[in-house]
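Please find the structures below.
Two complexes come next, and they have one chain in common, subunit A, joined by subunit B in the first and subunit C in the second.
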Partner chain A sequence: MDLELMINSFPKLLNATVVTLKLLSASLIIGLFIGLLFAILRLNKNVFINKFAYVYSYIFRGTPLLVQIFIIYFGLGQIEYLRSTVLWVVLKEPYWCAIIAFALNTGAYTSEILRSAFQTIKPGIIEAGKSLGIPNKIIFYKIQIPIAIRQSLPAYGNEIILMMKGTSLASTVTLMDLTGVAKYIISTTFKPVEVFVVAGGIYLFMTFIIHNTIKFLEKKYNYN
Partner chain B sequence: MELLAFGDTGWGDELFYATLMTIAVSITAMLIGFLFALIFTPLKLSKNKFLNFVANTYTTIIRGVPELLVIYLFFFGGTGAVMYVASIFGYNEYIEINAFITGAFAIGIISGAYSTEVFRGAIQSIDQGQFEASKVLGLSKFGQFFKIILPQTLRLAIPNLSNVWQITLKDTSLISVTGLVEIMRQSYIAAGSTRDPLFFYSFAAVLYLSLTFLSMKLINKLEVKYSRGY
Partner chain C sequence: MNIFKKTIFSVLLSLLVIGNANADKIRIGTEGAYPPWNSKNEAGKLIGFEVELAWSLCRYMGKQCTIVEQDWDGMIPALIMRKFDAIMAGMSITAERQKAISFSQGYADEVASLAVMKGSSLEGLATPAGINLTKPNSDAKKALKTLTTALAGKTVCVQTATIHQNFLDSGDVGKVNVRTYKTQDEVNLDLASGRCDAALAAAVAFSDYAEKSGKPVVLTGPTFSGGAFGNGVGVGIRKDDTELLSAFNKAIDKARKNGDISRIATKWFGFDASM
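Here is the complex of A and B:
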């Protein structure tokens, strides 16, 4: 064990953690909106709309995240038309490509989580709302969504942790996130174990924080 | 379409072999994972605090650290570790481990952590009476486990194991960073030499989708088989 290397690489890895956290939070926020949108589409009675949402989530859940990043980062740049539009400003940056890929991926999983949460809401609760004369829109925003969020907290917590691990793939498109920097240090010093212990420790710490925050929220919003 | 032709002119045969490689790595990794689960599930269920701690450390670390980081550890550290062990036995030549073994082992350890959790959950949800009844019937320990407990465990575990299989299959795409020529690596090579990344990566996505789809169908059949009588 090379303690000196571990101490020296710690600040570098900590700096890289900021990149990881930025990627994670940006993709989770965008992904949550995508997930909510597609969960609502899934519950739509129109066959085409709900098939469309199903196919979306099936494709993104059935292929590796690495393929999705590569298609967006290497693939989309190939379309001549895209290069002349405003979108190119975003798509030429690996940072945004990674965020788009992560957001679409987590959006697919989130939509499944939210869909099942909406479906487990007891019809009696909605009927109670209706019989009180509350408009449908308010029932949806003030009754269904809060209950669905509470229902989906445990599964969503897992998804956050999975996504945090997923952000490590950003290093494959030249981004220097925690894994990227760890790989750089490993390949220059050839001390994989030491770097793994430090970088892995930081990841585990983040997992620990997320896990406990979700547990806390679960307790706080427990209505039983 | 001509890009996918078999033979020297297209990438069809290369991608076909790459797909076989992905399947081979996934199955090997899944089996290595089962081996790990076989070791760690009893540790998790044991009453000994220390053994519990060992098993919990394994599953927590693997499930909390990115797969890519684990693969880098094995890729850069695997050769060193094996050579260190060999040097204890007096063998000092350079040993090269091939990418298949490194990759399958790295993914296997990851998949093992998930399998361990699945088996633990399944065994814990079997009614205590089943254990007692098998004891009362005077079966040997061996018979108790293989004839009574295991078949019931499998029924409960198969749906979750199918998730583990999907995760394992998708994780094998990460081995491409070590240079093993599976779907992802082959698409990378093809995309590089034809300058058509959009087509090849999309085709890789289609290949993965068909693999997940087909394996789902197969696993559903298994599920039906093991739920006979329920």
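Here is the complex of A and C:
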């Protein structure tokens, strides 16, 4: 073990963690909106809307994230027509390609998490709201959504942790995130164990923070 | 109980035999994704200059060999961790790598070059045909200045952990936006897509790609050798493996003398890249 290398690479890796966190937060925020939208679509009684949302989550949960990011980055880049459109401004940048892939992926999982959370809400709660004369819209926003969020917290916490680890795939499309910089350091020092141990430690620390935050929120919003 | 002992004993014995059989074989690591040095055919079989040369060198050493595939970015760590015993993967002999592993004498050499898409503003730079960076003369220094101006603010793509990346990182051509990829194939894809303003790799890697894909990829600027680009391609071997090192050196001597290296090189490169 080369302790000096571990100490020297730590600040560089910490810098790269900023990129990882940016990727993670951007994809989670966009993904949450996509997830909420598609969860609502899934609950729609119209068969076509319902099936459309189902197919989306089926495709993005049924294929590896690496394949998705490759199709969006390398695949779309090969379509000549696309390169002459406005879309190329966004797709040209590996950063946006990564965020699009991550957001679509986490969106699919989030939609499933939220859908099942909505479905676990006891009908009695909604009926109680109705009997008090509360309009349906208010019931949805003020009763169903808060309960669904509380119900989905443990599963969503898992999803955040999975996504955080998933961002390491950004390095495959040239981004210098935590894994990307770790690989770069290894490419000049040829010592993978030391560098990956430090990088792994940073990932573990992030998991620790996310895990405990979710646990705290779970306790706070526990209504039992 | 006796049966158990016998079984355990025979299992251990067979393990020992297998272990010995493996120890006799030289395992050679290659990337299989850097044509014409090494690549794979449609059937997934490893082919290329170095694959054929490896078999030839093994014959001269009188040893059995197996060729192992390994991703480029983990090549040197895998050698050090004994996943195989020698690297033949178009790996140039550089001072940086020599800190970690030993190299045999060089068996082939070819130049690096920038490539752009036809019609790029970087096409047709006013530089000499080739520059050597070991002791750069005034022409070479002038060419580096021309490149520094031309590449300022441009995105140049390279495969990770290569001499090409080292050169761009060295600052010899100023501050360029270096983007690194896991394989040369991905570099080629992004050069064609327009995400890279230019790419830097072995000149043959680009001509091979242009030929196979039909994409208008053209070389530009001078060809590079020496300095950060190292001194030819050699067999990478663990530092403590001096016996294997001298065996490879002797085999390369013989193969060179009999004209095997130039014959195989001409077959794969289209010109004699041997040294």
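Simple rule for what comes next: the second predicted complex is superposed on the first by the 222 of 224 C-alpha atoms of A that agree within 3 Å, B and C clash if a C-alpha of one lies under 4 Å from a C-alpha of the other, contacts with A are read in each partner's own complex, and residues count from 1 in each chain.
To be clear about the criterion, a residue touches a chain if its C-beta (ideal position, glycine included) is under 8 Å from a C-beta of that chain, and two chains touch if they have at least 3 such contacts.
Predicted, not measured: the structure shown is a model, and the values here were computed from it.
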Touched partner set for A:169, first subunit B, second subunit C, both or neither: first
Contacts of A:184 with subunit B and subunit C, given as first, second, both or neither: second
Touching partner for A:30 - first (subunit B), second (subunit C), both, neither: neither
Touched partner set for A:78, first subunit B, second subunit C, both or neither: both
Subunit B versus subunit C as contact partner of A:192, first or second or both or neither: both
Which of subunit B and subunit C A:92 touches, first, second, both or neither: second
Partner chain in contact with A:40 - subunit B first, subunit C second, else both or neither: neither
A:207 touches, of subunit B and subunit C: first, second, both or neither? first
Which of subunit B and subunit C A:161 touches, first, second, both or neither: first
Shared contact residues on subunit A - subunit B and subunit C: 74, 77-78, 172, 183, 186-187, 190, 192
Contact set on subunit A toward subunit B in their complex: 58-59, 62-68, 70-71, 74-79, 161, 164-169, 171-172, 179, 182-183, 186-187, 190, 192-193, 196, 199-200, 203-204, 207-208
Touch list for subunit C against partner subunit A, complex: 73-74, 76-77, 80, 96-97, 100-101, 157, 160-161, 165-166, 179-182, 186, 189-190, 192-195
Contact set on subunit B toward subunit A in their complex: 60-61, 63-69, 72-73, 76-77, 80, 166, 170-171, 173-174, 176-177, 184, 187-188, 191, 195-198, 201-202, 204-205, 208-209, 212-213
Interfacial residue positions of subunit A with respect to subunit C in the complex: 74, 77-78, 83, 92, 94, 172, 174, 183-184, 186-188, 190-192
